[in-house]
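Letters A, B, C and D name the chains as they come in the text, with residue numbers starting at 1 for each one.
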Amino acid sequence: MFDELKAQVAEANRRLPALGLVTLTWGNVSGISDDRQAVAIKPSGVSYESLRPEDIVVVDLSGRILEGELRPSTDTPTHLALYRSFPEIGGVCHTHSRFATVFSQLRREIPCFGTTHADHFCGPVPLTRVLSPTEVEEGYEVNTGRIIVERFRVGGLNPLVTPGVLVAGHGPFTWGRSAQEAVENAVALEEVAAIAWHMLVLESDPMTLEGYILQKHHERKHGPAAYYGQQRRAAFGGKNECHS
Amino acid sequence: MFDELKAQVAEANRRLPALGLVTLTWGNVSGISDDRQAVAIKPSGVSYESLRPEDIVVVDLSGRILEGELRPSTDTPTHLALYRSFPEIGGVCHTHSRFATVFSQLRREIPCFGTTHADHFCGPVPLTRVLSPTEVEEGYEVNTGRIIVERFRVGGLNPLVTPGVLVAGHGPFTWGRSAQEAVENAVALEEVAAIAWHMLVLESDPMTLEGYILQKHHERKHGPAAYYGQQRRAAFGGKNECHS
Amino acid sequence: MFDELKAQVAEANRRLPALGLVTLTWGNVSGISDDRQAVAIKPSGVSYESLRPEDIVVVDLSGRILEGELRPSTDTPTHLALYRSFPEIGGVCHTHSRFATVFSQLRREIPCFGTTHADHFCGPVPLTRVLSPTEVEEGYEVNTGRIIVERFRVGGLNPLVTPGVLVAGHGPFTWGRSAQEAVENAVALEEVAAIAWHMLVLESDPMTLEGYILQKHHERKHGPAAYYGQQRRAAFGGKNECHS
Amino acid sequence: MFDELKAQVAEANRRLPALGLVTLTWGNVSGISDDRQAVAIKPSGVSYESLRPEDIVVVDLSGRILEGELRPSTDTPTHLALYRSFPEIGGVCHTHSRFATVFSQLRREIPCFGTTHADHFCGPVPLTRVLSPTEVEEGYEVNTGRIIVERFRVGGLNPLVTPGVLVAGHGPFTWGRSAQEAVENAVALEEVAAIAWHMLVLESDPMTLEGYILQKHHERKHGPAAYYGQQRRAAFGGKNECHS
């Protein structure tokens, strides 16, 4: 029933090692069906190389298994919390990629220092707060999703304009309109984090990118009059303006 | 007689270069038989690519060769000392992977800064003391094993909850329930060390992970009620609780 | 009509990922015909692996499409500005390679610290100024090309003796007598930037290379009496002397 | 006539890119015949992938071409100076590998911080002085060899106990009993330099390895009673003791 979604999600997960985003089995990608009733996600602790579409687990938005023999990723409740609160997104990617994790564990946002950052994230990559002992005990994974959503609500952030976050003490989550786009944003986040880290080693407070260049770069790729790539990207209805 | 053990150990050694854990022939993996009478280990100075199961040397716990034409790794007495004192372990891996070696040579433990560390090591990765001139002269390799065991005894550490160590001035040793798991812990240690190093470059004393999150992460993977992966991991009989 | 040029440009673009110069689709290479009437360039947002010669877009020096079904790179006006002002060059390469981007975003030139740098760049790798809000609004891409040309004019720099530049807040552009040489100079620039970065981490103001060694190295490869490689490289008519 | 030597030297050069030691064509390996009358070396500016044994150039110790259609590496006079003064060596390798070049350009020796260093270099990796303007003008390449030899003579160093050097402002040269061993020492030097660099970033003056451990490690691999590897390595007649 969910063959195409499962194939897309399997393929998105299998790409993670070649993209240098995962160590061992530290990462997982999911995608949601068009009617938003079914989420396909990587099974827990299974290696990427051997992952076949039939290994992918399908759950509903409450976490009930709809299809699949294996246990879903332990991070499934985090993914589901994101799908429930961010109706614009179609895929979620969680990794522990090195540089994004360094910023997560240092509990620092990543300022926008250049145009590659601006191409993907309008402004700093945000950071969540730390979970409380009670939140960890009562539902570690679902509450991880909730503090991400809280960070976006409090900060007035649009999930498609800022398609990722750093969870304090943990690591990055990214998302996009599809599982594949979630992975691409994980790649972009890791490279942006790497470049920022290398800059911060030489200077503790580098100049951030001029706001008018940030906005120009983001909008030529994602704004209502986008002209990057082969298709109009302004499929978001012109809502994805970057107000840095 | 030891065909399956030798095949496992050959395969575990052959994986080291692709995992980025070794330079030249700087590393070796061993495994012990279920009855703990035979240890299979890499031959000394042989390259990983050409390693066949029949090249693996089998010795008993005193170091006597039981099978094999080649000389065993010069580090064999270290491996044997670990098997004699840590009856829970089934495999040992020694490398000079870059970041773990940096901490070993700086003679620093690796604090637990995040969840990937907590997934594999309950608390800091410990460091041994330096060998004395007499210990080097009387038995460099066996005494390397002894100071590792000493570090765990003095620190009250459980080798399956803390499956690795840094030898001062030298490099890391990791272990696990099998040769394969020893290698996986070497991969985890190297990535954990890399992330910690990158954090310490930006901040000399970063905040460590909250103890309640450390414990949660370790126990969801290794505790009595573990729910990570496809099998119950609590095969250690519930002894592997993480008291950080 | 432009089959050979398109094949060369496709091949030069396809090499970028294997050379470690690009993330996602962050980079593009172009080449100009011998009569300087046609510029072949990568289409926008297309992945490198799948790039075929027939995907390459050909434009004239004003940007009018001469051949090709796809939209050209959004950076095309920058490439064209360089071809119009630098008649010696036959290829242009733009990437966001990590270390060159770090220097671009830190808005620092790269001093000549050693012989590999001297082999490719006679003196520091120059840095442009930042575009003004008006320049961004009126023509971001063409004005990026103009501030590169301005930097070379103001500094009295010869584009073949200094075959690359860092655009402030953005990233590197390199060039050469062909698309392939432009890519080779991008490789050299990235490695030179990496080495310089690693030096600057340990010492804030390292000694630069002695001028007489800089000149010797550059001229044995590019000067009128060059003796590096299998052909006389002094095809530039002896104008490429390095006055450091 | 020199078929076997040329095959060995071609193979040693072809290994450089896979070992991560070279960028573009920045590196070369040579080997000398047993009667020390013929040196086989890489042709200048030729890429490694396409290198065939018949491309290798053979010269005598004065640099006269004995065999080969191509021009030899521009660094040939440096290699020859080393063969003339170091009769123990059979192969020379020159690269601009990243971390060894960082130390060369910073004009710093690499202290012995750990056992992997001690396995290959008995004590610090030495650094040459800078060439004078006259030396550059009168014979840049041959004088590069001469200042290496000078450094070993002045320091009382044994080229087989310390099989490499950093040329100030330039990069590393390594050697060994064969072309292959020269390349292995280049690999070891690069990794040793990388580990040292990472240590120096965190601490400006880390503790060096205890002399008695340094000596133990070097001698178990290279001393008269070596027991590392499958053959007695003490083929140097017991002269290779490490006096750190």
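By our rule, a residue touches a chain if its C-beta (ideal position, glycine included) is under 8 Å from a C-beta of that chain, and two chains touch if they have at least 3 such contacts.
What you see is a predicted model; the values in this text were computed from it and never measured.
Student: Through what angle, between 0 and 180°, must subunit A be rotated so its C-alpha atoms fit those of subunit C, rounded to a multiple of 5?
Tutor: To bring subunit A onto subunit C, one rotates by 90 degrees.
Student: Please indicate which chain is farthest from subunit B, where distance is taken between mean Cα coordinates of the chains.
Tutor: Chain centre farthest from subunit B's centre: C.
Student: Same or different for subunit A and subunit B, when you check if over half of the residue numbers at their contact belong to both copies?
Tutor: Mostly different residues form this interface, as fewer than half of the numbers used are common to both chains.
Student: Taking each chain's centre as the mean position of its Cα atoms, how many Å separate subunit B from subunit D?
Tutor: 33
Student: Where the centres are mean C-alpha positions, what is the separation of subunit B from subunit C, in Å?
Tutor: 47
Student: Multi-chain contacts in subunit C: which residues touch at least two other chains?
Tutor: Each of 201 in subunit C touches at least two other chains.
Student: Is the chain-to-chain touch network here best called a line, a ring, a star, complete, or other?
Tutor: Ring.
Student: Between which chains is there touch?
Tutor: Here the touching pairs of chains are A-B, A-C, B-D, C-D.
Student: Taking the complex as given, what residues does subunit D use to touch subunit C?
Tutor: Interface residues on subunit D, with respect to subunit C: 23-24, 26, 43-46, 70-71, 74, 96, 98-99, 101-102, 104-107, 130-131, 133, 136-137, 140, 169-171, 197, 200-201.
Student: Considering only the defined contacts, which subunit D positions touch subunit B in the complex?
Tutor: Contacts found on subunit D: 113-116, 119, 184, 187-188, 191, 194-195, 198-199, 201-203, 206-207, 209-210, 212-213, 216, 220, 227-230.
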